[in-house]
Each structure stands twice: as C-alpha cells, then as structure tokens.
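What follows is a group of structures, each given as structure tokens.
Below are two complexes that have chain A in common, paired first with chain B and then with chain C.
== the complex of A and B ==
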C-alpha cells in the first residue's frame, strides 16, 4: 500500500509525520519503505543513520538544434506547446530555451530536415539507502538549476515501487499543484498534515478539493494542535473528514525534532499516537482488499 | 531606428506597462520616420514563455531598443544575442512622454 504524506501549506510537518510513522510501521512488524519525493529539497533521511546502496541518474529528453541544417520553416516552434523554441526567421535565429522545455519530443517529430538531434540531459539522481536493520530508503534529488520536478518525482516513486513492501511512505512536496498531484495520484491513501491556523485551513481546503476531484481517499493529521483557532475543526466536521490524529503544539516535540531525533522513540504519548495511526491505516488497507 | 515600448493602452496618453512579456500593447516607434504603431500583445495569456515570444515579436519588427519597467531573467540573454538594448523606466510615464524623450 502506497501512502503519500502531503499538505497544502509548507512546513506543517510532512517529514515529521513520515519519519515517525515509518518507524512505527517497522516496530509493528511490517515491512516499510520510506521515499523522499520532495525532490527540490529532500531531507527526511537526515533522521536515520544510512549507507548508500545505489544511485540512478535520471535523464530527460532535450533536443539539440543544428541551425546550419535549419530551413526556418517554424514547424518545431509551432509544435512546441511550451514555447521552448526561440525562433526569429527574419534574423535566422533559432535556439532551445531549456528551462521551458518539457522534453515531449514534439519538435523532433516536426522537423523533416534533420536539424533536431535527439539527446538527453541529467535532471537529478534517485538514491537508495539501507540502515542496520536492512530497511530500504529512497530519495529523489533534483539537480541544481533543473526545473524538471515532475519527471523527477515520477522516476523516484517508480523506482521505489519496484520494491516489495507492505507500506511505502512517500514524503511529498508541499503545495497543491503538479508535484502534489503527481505524488497523490500514485498513492492509495493520502495523509494530509495541517495546522489549525487560517493559513493551514486555506491550503488544506485546496488540497482536499484537489483530492476530491481525483477521487482519492485521505485523512487529516492536525499538527501543532492548540495553536490558532477552531475553524479547521469546524471545517473538518462539516465536511465529514476523518481526523487521523492530533499532535500538540509543544516545545518538547520541537526540541526533539530539531535535534534530529524521532518523537516516536522519545515520548510515550507520541509513540502511542503513531501506533494508533498505523492501525487506522492498516484497517483502511484491509477495507480495500 | 525602431523602438518597442510596452504600453497599457493604445494611445499616446496610455502609460508604460511595467511588464515586458505580458504587457497589453507594444508601441513601435520609428525615430527616423516618427511613425508610431500600437500592436496588441498576442502573448498576454500564454501559459509559459511569454517573454521569449515577445522578444521574437519585437525582433521581427526590426526593433533595436526596448523600453519597459522590467525585463525577466529568461529574456536578457536573448535580447543581448539580438543586440536589442533594454531600457528600464521605473517612473509612471505616458507613451507620449517616452516618445519625446527618445527624440531628444
């Protein structure tokens, strides 16, 4: 079962929930895999002592334009949905704007004059790691300067999914646009982590509307409970949305987290909370089969 | 010499549009013939790449100078390659006032 840990708002505690939940699943005797798909700034593996076992360079299509063969017909620029081919026939100028290119290869199909050469460029690296208990971890890391976030996320999840595991936990990128959609769409269940502030609620609403439109199952974890106001709770109860757990707004939790430790290991009530969370997810998984 | 000025409207009284790629109109002014022509920006609502498409547009008009409030990072190198000089105007000026300055 694949579980995305996502949020609308950034900084609500996706990594906090992912890292602790992962440990809880393993303690309950399940095989679990932690995947950091927040490819623009992956950091969930900081919480474990790991050894790298493998890495795969992820590449994406980028055309090479040979202007000496170009007849300036403009068909490649017409085919390009993303306006990634800068083309001024009056000045005999043609070139690729790599940051706009999505690697769809339409330009290559368009060109009948051999002016477009197929080629691939590195967009990032998917690494796999192992801990002392032989548990596997995957991390997708986008190359500096690359804007190909989506292909990087897809590749990270695809590679991790080849592993046999009871639970694959996907620490997702923030937001509610493409990166969020691409992680959620590849998951059987989405845990939305939010906080009871106006910002948390506003972004959670967007995330929920998005997941509803995708017919995805989800539940909500309220982090920093006690902060803000009750609007979030009203919204969740009005819409019959399941609260999977509440993590209190606490200095102790923040202290443990910022030291790189797991509250699951250090705080009894948090240990219990995460075990309960596991059971809820397991029950949900059983209800599917 | 031809100059492109980004404009919010299509009259001399219209003010400079501070955005380059997604401006409402381009005012093309020829400093020799003193002719002024307004062209609605066809790239106003494209999803991506409005800047480079607008560079293509003004380049096809033979422009050598562009006046706007701001030029994005995607287009600066394109403008340099085509030897189109970029002039940034931060004050709220009308097209008429900018044309006057170009004639000085």
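== the complex of A and C ==
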C-alpha cells in the first residue's frame, strides 16, 4: 500500500509524520519503505543513520541547437509551447532558454534541417539507502538550478515502487498543484498534515478540492493542536472529513524534532499516537481488499 | 525596488514576517507569488478587487470518432500521457503537459487542445497599498509562468501609481516557482528556522539564490528553539558574507496575530519582535 504524506501549506509537519510513522510500522512487524519525494527540499533521511547503496542519475530531454545548420524558418520556435526557443531571424539569433524547456521534443520533430540534436541533461539523482536493520530508503534530489520537479518526482516514486514492501510512505512536496498531484495520484491513500491556523485551513481546503477532483481517499492529521483556533475543526466536521490524529502543540516536540530525533522514540504518548495511526491505516487497507 | 521573501523549507514564517514588512513599508505593492497556497489575502482585506481568469495550461484531448488508431501520438508523447485502453487511445489529463506535439502531428486531426482558464488573478486596494495575488485552480500547472505574469502586473501598477516598493511573499521549495520569483528582483530575504531540515534547505536555496541575486539577507525565525543550530546558520552565512538581519525568538503572539488575521505589528505594536523587525526592515531597505 502506498501512502502519500502531503499538506498544502509547507512546514506543517509532513516529514515529522512520515519519519515517525515509518518507525511505527516497522515496530508493528510490517515491512516499510520511506520515500522522500520532496525533491526540491528532501529532508527525511536526516533522521536516520544510513549507508548509500545505489544512485541513479535522472535525465531529461534537452535539444542542442546547431545554429550553423539553422535556416531560420522558425518552425521549432512555433512548435515550442513554452517559449523556450529564443529566435530573432533578422539578427540570425537562435538559442535555447533551458529553464523554460519542458523536454517535450517538439522542436526536434519540427526541424527538417538537422539543426536540432537530441540530447539529455541531468536533472537530479535518485538514491537508495539502507540502515542497520536492512530497511530501504529512497530519496529524490533535484539538481540545484533545475526546474524539472515533476520528472524527478515521477522517477523517484517509480524506482521506489519496484520494491516489495507492505507500506511505502511517500513524503511529498508542499503545495496543491502539479508536484502534489503527481505524488497523490501514485498513492492509495493520502495523509494531509495541517495546523489549526487560517493559513493551514486555507491551504488544506485547496488540497482537499484537488484530491476530491481526483477521487482519492484521504484523512487529516492536525499538528500543533491547541495553537490557533477552531475554524479547522468546524470545516472538517461540516465536510465529514476523517481526523486521523491530533498532535498537540509542544515546545518539547519541536525541540526533539529540531535535533533530528523521533518523538516516537522519546515520548510515550507520541509512541501510542503513531501506533494508533498505523492501525487506522491498516484497517483502511483491509477495507480495500 | 522589488524584495522577495523565500525560504526553501515551507512553514518557516515567510508570510508572517513578509506581512509585517508590508505593514511597515506602507504605500507598497504587495504580491503573493505562492500561487498554489496563497495566504496574504487572509491578512490583508482588499477593496474593489478585480478578478481575471488566467489561462494556466492546455490539455490535449482525442476525439475517438476521428482517431484512426495509428499510435503516432503515443510514440511522440514524452510524458507517457497517452495510453491504449480497451482499443482506444486516451490522454491522461494529469500527465499531459500541453506540449501539443500530438495535436500537431495527428494525421486525422483527431486531437484538440483545451485551454483551462479557471485560475484566478486578483488585484485590489488594501490598507497599505495594492495587493496582487494569484490562485491556481486545483490541479493546475505552470505556476512559474503565472508568477511572471503577476510580477509584470505588479511592476506596471507600481510605475502607474508611482509606488517604489514591491514586496513579494514567495513559494516554498527551490524549483520553478522559486526561480520565477527570484529572477530580476533587487533583494532576496530568506526566512529560515533552526532545524536540521531548514538548514539543509537554506543551503540549497542559497546556492540557487546566489546565482540570481547579489543582495541576499537571512532571517532566523524561532532562533531560540535550538541555539546550537542557529549558531551553525550564523557561521554558514558569515562564511558566505550573507548578513543575518534578524533573529526572532519563538513567540506565540505571531500565531495569535495570524489567527486574528493581523500582522504582528497590528496585533501588538509593543511586542519586542516588532523592534527586531523594524531594524531588519531598515537594514534591508537601506543597505
């Protein structure tokens, strides 16, 4: 079963939930795999002592334009839906703007004069790691300066999904648009982590609209409960949305987290909360099959 | 002058700190470029808000009546968006990137391109000037392009109204929306917090930001949650000669202010945080 841990608003505690939940699943005797698909800012693996076992360089199509062969017909620029080809025929100027290119290859299909050479560029690395207990971890890491977030996410999840595991936990990127959708669509269940503040609620609403339009099952974890106000609770009950758990606001939790430790290991009530969360997810999984 | 607030890691306090700066600036164009999770409009109520639809993307659709099942579209598609299901070619709208190569090359003209224009762009007056923000329709893409559209409107409005400051509340991450926000701005403020995760993301954000901007400032929010990591951030920034313009202590009043839909300055102008923010603001504007 693949579970995406997502949020809408950033910094609500996705990584916090993923890392603790991962440990809880393993303690209950399940095989679990942790995948960090927040490829722009991957952080989950900071919480473990790991050894790298493998890495794959992920590449994406990029054309190379040979201006000496170019007849300045402009068809490539016309085909490019992303305005990634800078083209001024009067000045015999043509070049690729790599940050705008989506790698769709339309320019290459358009060019009849052999002026566009097919090539690939590195957009990031998917690495796999192992801990002492032989548990596997995957991390996708976008190359700094690259804008190809979506292909990196796809590649990370595809590679991780080749592993056989009872539970694959996918720590997702924030937001509600493409990166969020690409992780959710590849999951059987989505855990939305939010906080009871106006920002948290506003972004959660947007995330839920998106998941509803995709017919995805989801539940909500309220982090930093006690901080903020009750609007979130009203919204969840009015819309019959399942609350999977509430994590109280506490400086102690924040302190343990900032040190890179797991509250699951350090606090008894958190240990219990995550075990309960596992059971809810297992029950959901059983109801599917 | 365009000033952008960014962070790498989400939830470090960009919007709270940025909104405080906006209220300090007064007579300002405020821009929310976090188009998939905009928040500034919750704090700043606008009047006479104009709403326009923004074409955020295109999707290809196959008309099965015209499809001759040659499969050329599937071969050309680089996004694995076209599948052969139950004897028909179908386009998965979530995977489709809108590149239109299938549409251009279909020999039987069976493919059309549909524009999605449900994303909204808002411009309205508020207490401190003009607020411009976007809201991407659920599931829409192309946020980078949307951000540059919003920023262009902001610049136009600034020159029309003779306003010299544009303050941008940016998105988390370091990918496309980050770059779209940072390209060409005068000053970049990175808001971080003392956690291992945030430090790692700050380093990545700095690596990218330094390629684009010469004037970068760092604010450490909730610095006293972990003094050791705050010192590590200080050390790292000193090495790169990036000034840390504020160290803000953890204070629940920042959250209370947000819940009250106010900036911290409006919520409690006597808070010690307000002094720290004012000093940081002066520093960023003048140096």
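Everything below uses one rule, namely that the second predicted complex is superposed on the first by the 289 of 289 C-alpha atoms of A that agree within 3 Å, B and C clash if a C-alpha of one lies under 4 Å from a C-alpha of the other, contacts with A are read in each partner's own complex, and residues count from 1 in each chain.
Assume a residue touches a chain if its C-beta (ideal position, glycine included) is under 8 Å from a C-beta of that chain, and two chains touch if they have at least 3 such contacts.
Bear in mind that the values here come from a model prediction, so they are computed numbers and not experimental data.
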**OP:** Return first, second, both or neither, reflecting whether A:175 touches chain B, chain C, both chains, or no partner chain.
**Re:** second
**OP:** Using the superposition on chain A described above, determine whether A:84 touches chain B (first), chain C (second), both, or neither.
**Re:** first
Original post:
Looking at the overlay, does A:251 come into contact with chain B only (first), chain C only (second), both, or neither?
Top reply: second
**OP:** Considering only the touch criterion stated at the top, classify A:159 as touching first (chain B), second (chain C), both, or neither.
**Re:** neither
**OP:** Considering only touches as defined above, state whether A:194 meets chain B (first), chain C (second), both or neither.
**Re:** neither
Original post:
With the two structures laid over each other on chain A, which partner does A:99 touch: chain B (first), chain C (second), both, or neither?
Top reply: both
Original post:
Does chain A have more residues touched by chain B or by chain C?
Top reply: C
**OP:** Would you check which partner chain A:142 touches, where first means chain B only, second means chain C only, and both and neither mean what they say?
**Re:** second
**OP:** Go through chain A and flag every residue that touches chain B in one model and chain C in the other.
**Re:** 82, 99
Original post:
Where on chain C is chain A touching in the complex?
Top reply: 7-12, 15, 35-39, 42, 58, 76, 78-79, 94, 97-101, 104-105, 136, 138-141, 143-144, 171-176, 178-179, 193-197, 200-201, 204, 207-208, 211, 225-226, 229, 250, 252, 255, 258-259, 261
Subject >> Of chain B, residues touching chain A in the complex >> reply: 46-50, 52-53, 55-56, 59-60, 62, 74, 78, 81-82
Subject >> Residue numbers on chain A that touch chain C, as the complex places them >> reply: 7-12, 15, 39-41, 43, 46, 61, 79, 81-82, 99, 102-106, 109, 142, 144-147, 149, 173-182, 185, 197-199, 202-203, 206, 209-210, 213-214, 227-229, 251, 254-255, 257-260
Original post:
Which of the residues in chain A come into contact with chain B in the complex?
Top reply: 82-84, 86-91, 93, 97, 99-100
